[in-house]
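As written, the chain order gives the labels A, B, C and D, with residue 1 at the start of each chain.
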């Protein structure tokens, strides 16, 4: 039997409205607030993604996480996105039941779609050439790498996937995508019009950067520590576009719905 | 044996650089100018698309078409794009050999790609929802209608093609695209998130406009007299985005190459 | 107001059952027969595709067309498929209202799908290699050529379209299909694993046949006079698979529905 | 430095020729044999997939695995496919270095393509309807489930993926494929024209079988213990097509190349 009947979204960005809309549509009454005073009377609280950008206040509010925890009683269930160690420790130390929706594999899978479409939008806005005439190299074949390869291939671009593992190379080929081992990356980069990194590991150093032609568009959608050697890139005047948080910025409605759907999965799976 | 060895592009927009690049790559020496003084020594002259926007001066220059014709001797071959009746008459009355590359069917076919991708860019820049969650209605199934249906379908959108003729409906279905007879358009428009007209005939009147939901994005890429009843739309405060000349604005490199390739086809076909 | 309420299918192959099923579903009462005695009481008669295979009897019956015409009164409306000159003359000389559904452009468009899928079935049954590892050359870019290129490309095959006209080459490229001018066909055929002709004109002569590698699979789905120089092929022991009438043989249900839908279009368009 | 320069394929089916061809092309000299006498002078031996079908003799030979092990000295490296417990124990007890190429994840990924295309061939050969008019339900979303969904969707079929885990449902949706939780399977099966199981667990029992319409085509490509309750199916006269070993049967060239490529990966990764 479901306990959770009323939820409240505390803080967050443009997505919060759509999180609430989607949950309300599913029959889970959900409100929005930016005030810690408003939390009573709710079975659970949705914290934003990321919970905190400054490692102090809850995103989109001027409430610190510690302050929040003091006001929350243990009966509440907390849903939070991408909780850093500090946030996690504060929540857990209070004995609060807490689920990180960002860590759910189905969230990562679904969120790769607005990410990839955000990159598509970025590329279209920054090129004088149609997609079918572009050679696009995508580095990494995780959720986002896959989504990017599929999306750009479907628009007619010539896509090459670069990855390290045999299974990633095989999976790419099984989808009809050209796959190149990362050790051969400098052989193909000179032909790339667009280079997109998805791997959060600084593997793209001097020699790799040098192999990319001057007029190519370079983007990095990975997270810290990012893929390129940025100090080298800066030194030699190469512009690399760091594109974080694409889903929330470009497609808040879809991104909010994905968060809501993931929370619904947690509720169902955990019998909350 | 080819006569045409040297061409010059007079006027035009950003595309002219790429027209020249592509022709130079093909071994046809091509220069750019905005001066009618520079035309001697060339076998042919490329006029822009459209030849004239103000029905007086050649686009991108302050040379009138009449003035131009006086300076051009009959041995020159003229390639022009979308010559209006007036321009055509002036050129023909001088006995100048003249080809309109805009009228070539392969030009229309190829140019539909940058057009469709321009619409894609417009939609991405004006929606908070990913393409795979959008219902898109495309009105008309000519070159641009086909290209739009294919492109949006390939990105995962739910696409419905609206057209009048049995053959257009059949062609759309043969490509796996849902097809609806134009007489049934008001049955499907209430479900559309994006409506794109490609038909240059004012068939989309009051009742059709009223059937589109308020939050839908409406675009018209047709040419005069356009598809919607704009006076009604304005009266009831419906925003319809008129999107002319997408290839040149959004993808000048590709659009220039397409013009160059079409000129090459004319040269080859006519044995110039 | 519709006059046609009851139809009867005379003769035909496996498709006739599905023609009747589809028309019955649409509210047009339809029966099957092989007897000319049964035709009274019906508003119209559906003759098979082709009307006559032996240029004498109606396909699937032992009734000659002349005999049939004698028994049919002028009030009946006849729907026939691919009526040869002789059949047409007999029908018209009797003053019978007659429509050839095979000549409708939407029929040709829709029928290209079962044709292409029949070729897919043939290729799968005759190769030891998966489609994604095959180089497939499709000659001609009419309805069937287009459908073949799309279908094989969608399965991952490497497809090259060969055609003559600039517009066909442009249309293929606009769909993301590699296009080669027919004059260059012998440059690409040596790399083909599968060659499929769709053009009913004997343009593929000695030199073309010689350029195809020995182990390639060759098919001709065109109609008389067919595409290859068969006497040369036979002389040098090249097997060319002539594949006529694929829709009726491989997908009678779909093929029958397409005939029924075309007849419905005629009824609607002509106000029958 | 590579030790392996010469390999020999012992036994096997039609694929063995293509395994050898591919390895020879890669510069690893490879021979075929069915005799245990021929094994000297080779650095490694390739055993077939599966090693043994009768749990006694090596597939395609009349040599028992024990007999084989006696003749093989420990310096040889053995590559085998799908070694059962018994075969594995025999090989390991002899101290022979042994790699099972069937267990490599990239093998499973690549082999899903000939599997899926084999099912495509089977469906085409057993239907009177074109793919674009078929509703196809694919049960399971592992390598084969994914490949089937993609392939059938690309041909225009209406595909529904059925799986259990949230991540599988999300992955399917991320590829644009309709996804249904297995608990809801009986809601969608009544609409299926084709049902394909890929899950090797008898989850498809009486109620599930009863929900499939009589004229639907049912296939099971899973391995033991298979997906359907076969005794119930038999009792009520439902034909379920068990389709094992599709790659080797339908596409031996591709299937052989995949084995060869996997062996090359093992050699490279293990520095053999």
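The working rule: contacts are C-beta pairs under 8 Å (C-beta built on N, C-alpha and C of every residue); 3 or more make two chains touch, one makes a residue touch a chain.
Predicted model only: the values in this text are computed from it and were never measured.
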Exercise. Give the chains in contact with both chain B and chain D, ordered by label.
Key: A, C
Exercise. Decide which interface, A-C or A-B, involves more C-beta pairs in contact, and give its chain pair.
Key: A-B
Self-check item: Geometric centre distance via CA averages, chain B-chain A, whole Å
Solution: 37
Quiz item: Can you give the whole-Å distance between the Cα centres of chain A and chain C?
Solution: 50
Quiz prompt | Sites on chain D at which at least two other chains make contact | solution = 113, 132, 156
Quiz item: Which residues of chain B touch chain A in the complex?
Solution: 14, 18, 113-114, 117, 120-121, 124-125, 127-133, 151, 154-156, 250-254, 257
Exercise. Name, in rising order, each residue of chain D that touches chain A in their complex.
Key: 104-107, 109-110, 112-113, 143, 146-147, 150, 166-167, 169-171, 173-175, 265, 269
Exercise. Enumerate the contact residues on chain D facing chain B in the complex.
Key: 132, 156, 176
